[in-house]
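Both of the next two complexes hold chain A, though its partner changes from chain B to chain C.
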Partner chain A sequence: MAVRFLTGAAARAPVPVFPVVGGGARDGVEELRLCPGIDVVASPRAATVLLVAGWLPAALRPAAAQVHDQLPHPRATVCWARGDLAAAAETFPAATVVPPDGDVVAVLKRVHRGLVTGERDSEASLLPHEPPSPWKGVGPHGQGGEGMMGGRPYGRPMPMTGPDRDGLALDRLPLRVGPFFPALPAGLVLDVVLQGDVVQEASIAANAFADAAAAAERAAVAPGFGDDPFRRALREPVGVPLLELARAGHHLRWAAATLRLHGLRAAALRTLSLAVGLTSDALPRLAALRRRLERDPTLRWATRGVGRVSAAQLPAGLGGPVARAAGVVRDARLDDPAYADLGFRPVTHDGADAWARFRQRLGEAEQSLRLAQAAQSGAPASVARDRVESPQGELSTASAPSGLLLGLVGDLLAGMEWGDAVATIASLDFDLEAQPAAQVGVTLR
Partner chain B sequence: MSAVAPWVAVPAVGGALVAGVYATGVLDALAGRRRAGRPLAVGDALSLPWRRACLLLVQRGVSTERPDASAWMLAPALYGAMAAAALTVVPLSEGRVVADLRTGIVVWGAAEMLAMVGVYLHGWSPNSAFPLLGAYRFVAQAVSFELLSMFVLIAAALPARSLQVTRIVESQESLWNVLRQPLGLPLFVVVTLGVAFWGPLNLPDGDDLAGGTGAELSGPARLAWEGSRAAWLVAASAMGAAAFLGGWLGPWLPGPLWMVLKTLALLTVTVWLGHRAARVRPERFVVSAWTVLLPLAFLDLVVAGVQALP
Partner chain C sequence: MFAALGTVLAVVLAAVAALLALRWLGSVTDPQQVPPPEAVPVLGGHPPPTHAWSRFHLRYYPMTLVFIAFEMEMMFMYPWAVVYVQEGMKALVEMGMFLGILSLGVLYAWREGALRWQ
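Showing the complex of A and B:
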């Protein structure tokens, strides 16, 4: 009786969901945060349901299985997949599959209720419960290499001491973060060496969304995948209002994720609800939101001076909000006659840090709504072009802005505190899916 | 000094903390919805902490690879027990206090210090990187705000010429400390946010660490940890109400009700700040705590000292 009382209340709790965000699913997963009965959580340990959303390249599936096994019992998987249901079912045999247009919220709630009330069995582990590598060591306790320290127990190096920024000798902790670390873009794998809270070294491992194998898989399993208006504009004419509304929506979603990262969850929800179903009529509300956020002293305190990338440090040929936030007037729309008719002038800022990028993107979002409004009356259509200004910067069939920016990360993060490192990566707005395979080998360290 | 029998003291402190923690959950939900511009849904918010708690009780715990299991289990107990210990010296009304010690402020400071051990242990024991980073952060944060706490509470004790919290309340009969020492309460709110690592000072359990010291928690252990954090928020709000807002003093209403209302008011302020203010950068907090807040606390002490001169 008491147990049923408990499970009854537990079944009505917001469903704690940990998302594994695959290709094409970022916006859908973000929008789940607006659903009252769903609680998108920051750690798999807090979840009852693992949501595998979108398309997962084969290289990321073992990591997704690892995340699955970190959920506590009772647990279940829901695959919200696009096109490649078979592949999802192969990795997560017990998963409930929802098509992209299915009612995922209802399914998440049903699965959660079934788990909590015991009508549904908890899923078993997918991976064997054993260390990633065998214990290899020498010495009386098998501890490894040099005296009491050193060696690679279970395949992981021990933290050895090294000089730190204050001239002390402290442990250096090597750590691999990602590909599903919630505070980093999905798919990003970051190798760092930490001393306390300070990043001593950083590098980015291969982008599993963009290598040649992934490109071939993507073409095979998900026709039409990732067909946003900006990529479509490389092939065919796309109207200015459509492009600009998509840009404003993107920047607002980005702003929401950034606010959440800095602990402003409620402000993030407010921003996100504005981004969903955005029309140019939302201009006054967006302008008010922007004024409010730009005057927030705590947000300024948390981002000013973080992740500074001056115009001189920018990779050659980089445009987009990151460059414009460093005062560089570079925008593919300047060469577009459709925009010239609207009297387009790029917005710029000169702080070149995370705070400047935040204001830059909010400013661009507001400008986009104005452009969309102006274009509606005259309705000039943009022609198909070989270069299109995407929300991240100049996009062409051969290169994407994220590809150029990824190369910056290693040097930029060294010496930062962990929180600043995460904020810096967020401020650069990587789109790992957009990186063409041709660009991958060039930019990664 | 009076002594209260354990069979009264334990349910009294435990009951006050459970009620306060529940109220924190409801207030947090309402403040978040208001700030997000969504319907308040008061009925839903009233039952939300209960439903969440039931879910965590149904969920099973997990273990990490080679944790220090006993320390991991003890850490929330230590941290939560320190909140309870700290609350024992705070009076509900005249004569209604669990431990009316002449050294009340010292007990409070000791509980705050030991809470730091609990949080560090909680981050260290799961043998996992992000909890450990959270633990490092809390130590840096705690050594920076704990001196503040002692200075502003000693300043509050000066007019009473006693470290006994009931005396401190009685000394505010003519004028509350919030007016007499205007710097005290704002600085103590910083301490409150710090010791419960709430909102802008949630450095150890921040989202950039996927939950930090709590990243590996599930089930009842998560409930105990989140409950203990809220318990500290409640205990510190109660202390703030007693030391700066005149505790049970007030017209018309009975004393205990005044104390509860003042505690709830401070709790609302801290919960609201949690939604209003972005998380500070750890280094920036430490630097400003030592270079700005600590000198302000000295100034507070000087103001209180000059007023206390005969």
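Showing the complex of A and C:
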């Protein structure tokens, strides 16, 4: 009886969900955080349900399978699929598939309840049950592996030493973090060499969303890609209110993710609930929120002086909030007559660090709501242009700002502590999906 | 004689029983029974290429040593507090000299940068 009561209570608890965020699913997964019965957790070890959302390129599926196997039993998978349901079913054969417009919250709750009450079996591992590096019975006495320092105890090599910043020779720990590491943008694979918590070297591995194979795959399975207002504005005239509301919404969602990364969960939820269904009437609430966040001592202390990208360091041709937070007045909207009629002048800051970029984006979000309000009365429409100011910077058919930003990462992160490195990457606001395939070879190291 | 032998035999039997029990406990709780794909540390989709047994620079180490050294000196204040009322002014001056010399040590550690967070 007591067990039945406990089972019932566990089945009614919020569903711990770990999201694997694929293409076109970022906003949908963010909005799940506002649902009361869902707890979006930061590690697969804390989850019972793996939510595979959006479109996964073939190159990311083995990593998704690895994340699946890291969930403790009992576990289940829900594919909130977009486009290619067959590929999802192939990678996750036991998954429950929800169409993009389906009620994913209800499905997550049902699957969780089934797992807890025992009506549904826990899913088996997807990867083979073989140690990646065999060690049992190896060595002169069968003790496992060979040697200690520099050898392969338990079949795995030891880290080798190298000079650290304090003049000591200490171990260098190479790690490949991502593509589904919750503190990094979805799809980003970061190769780092750590000594303690200090990043010695960093580079970004190939972007699986942007290579030629992925582009062809996306055209086949997710034809809706590119329907965001900024991409549409490259092809056809889009109204200023629509563009500016989308920009403000993007900046607020980014701010919510940044606040969550710094452990400010309540502020993150408030910001996110403002971003969802944003209208220009929300201006007073946004202004109040911005005042409160800019006074927040925790965030200022954690981000001031972190990840400084001065105007001289900026890659040629990079605009957007990162450049404007370094005091560079560069904005594609300045050439747009629709914005000239509204008296548009870009917001800038001069700290050039993560804190300046946070204030820059909040300032731009507020400015965007003002522009949306002003444009509603006169209703001017932006014409189709070859360059559009997206929330990350200048967008054209051939290049996206994320491509230029990715090239900065290696030099920027070297010498930082890991927490600062993560905060810096978050402050640059990468959108890996938006990077065109043509740009990949140029910017990735 | 036989009683002693019986004791030895009992000890040996108990040891063997304990050994078997521990081996059984070890096989039941063996972490290697977790299948390899589930035992991988969470890095977001890739296994780590090396062991994580790495030696790194513990930067607060000098600060810890200085803290322990000066905290131990406070032990001398307990017996001093017991005799302080009897001894009066003499004890006060002696403790003042002792703490004065100690604070010179703190100033020296400060000057050498031992209290700086790197």
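In this text, the second predicted complex is superposed on the first by the 420 of 445 C-alpha atoms of A that agree within 3 Å, B and C clash if a C-alpha of one lies under 4 Å from a C-alpha of the other, contacts with A are read in each partner's own complex, and residues count from 1 in each chain.
Definition applied: a residue touches a chain if its C-beta (ideal position, glycine included) is under 8 Å from a C-beta of that chain, and two chains touch if they have at least 3 such contacts.
Owing to the predicted nature of the structure, the values given are computational and were not obtained by experimental measurement.
Visitor: Quick check for you: in the superposed arrangement, does A:A13 touch first (chain B), second (chain C), both or neither?
Guide: In the superposed model, A:A13 contacts chain B only, not chain C.
Visitor: Classify the contacts of A:Q66 with the two partner chains as first (chain B alone), second (chain C alone), both, or neither.
Guide: A:Q66 contacts chain C only, not chain B.
Visitor: Have a look at where A:A423 lands relative to chain B and chain C in the superposition and call it first, second, both or neither.
Guide: First partner only.
Visitor: According to the stated criteria, A:P179 is in contact with first (chain B), second (chain C), both, or neither; which is it?
Guide: second
Visitor: Given the touch rule stated above, what does A:D166 touch, chain B (first), chain C (second), both, or neither?
Guide: The answer is second: A:D166 touches chain C but not chain B.
Visitor: If you stack the two complexes on chain A, which partner ends up touching A:S273: first (chain B), second (chain C), both, or neither?
Guide: first
Visitor: Figure out whether A:S125 sits in contact with chain B (first) or chain C (second), or with both, or with neither.
Guide: second
Visitor: Go through chain A and flag every residue that touches chain B in one model and chain C in the other.
Guide: On chain A, the overlap between the chain B and chain C contacts is residues 43, 45, 70, 72, 131, 173, 175, 181-182, 196-197.
Visitor: In the complex formed with chain A, which residues of chain C make contact?
Guide: Checking each residue of chain C against chain A gives 35-38, 40, 42-57, 59, 118.
Visitor: How about chain B: which of its residues touch chain A in the complex?
Guide: 31-38, 41, 44, 47-48, 50-52, 54-55, 57-62, 65, 129, 132-133, 136-137, 140, 199-200, 202-203, 206-211, 214-219, 222, 275-284
Visitor: Which stretch or stretches of chain A touch chain B in the complex?
Guide: 6-7, 9-10, 12-14, 16, 36, 42-43, 45-46, 48, 70, 72-74, 116, 131, 173, 175, 181-183, 194, 196-197, 259-267, 269-270, 273, 296, 298-299, 301-302, 306, 417-420, 422-423
Visitor: Tell me, which parts of chain A touch chain C in their complex?
Guide: Going through chain A, the ones touching chain C are 43-45, 60, 62-64, 66-67, 69-70, 72, 125-132, 153-154, 156-159, 164, 166, 168, 170-182, 184, 189, 195-197.
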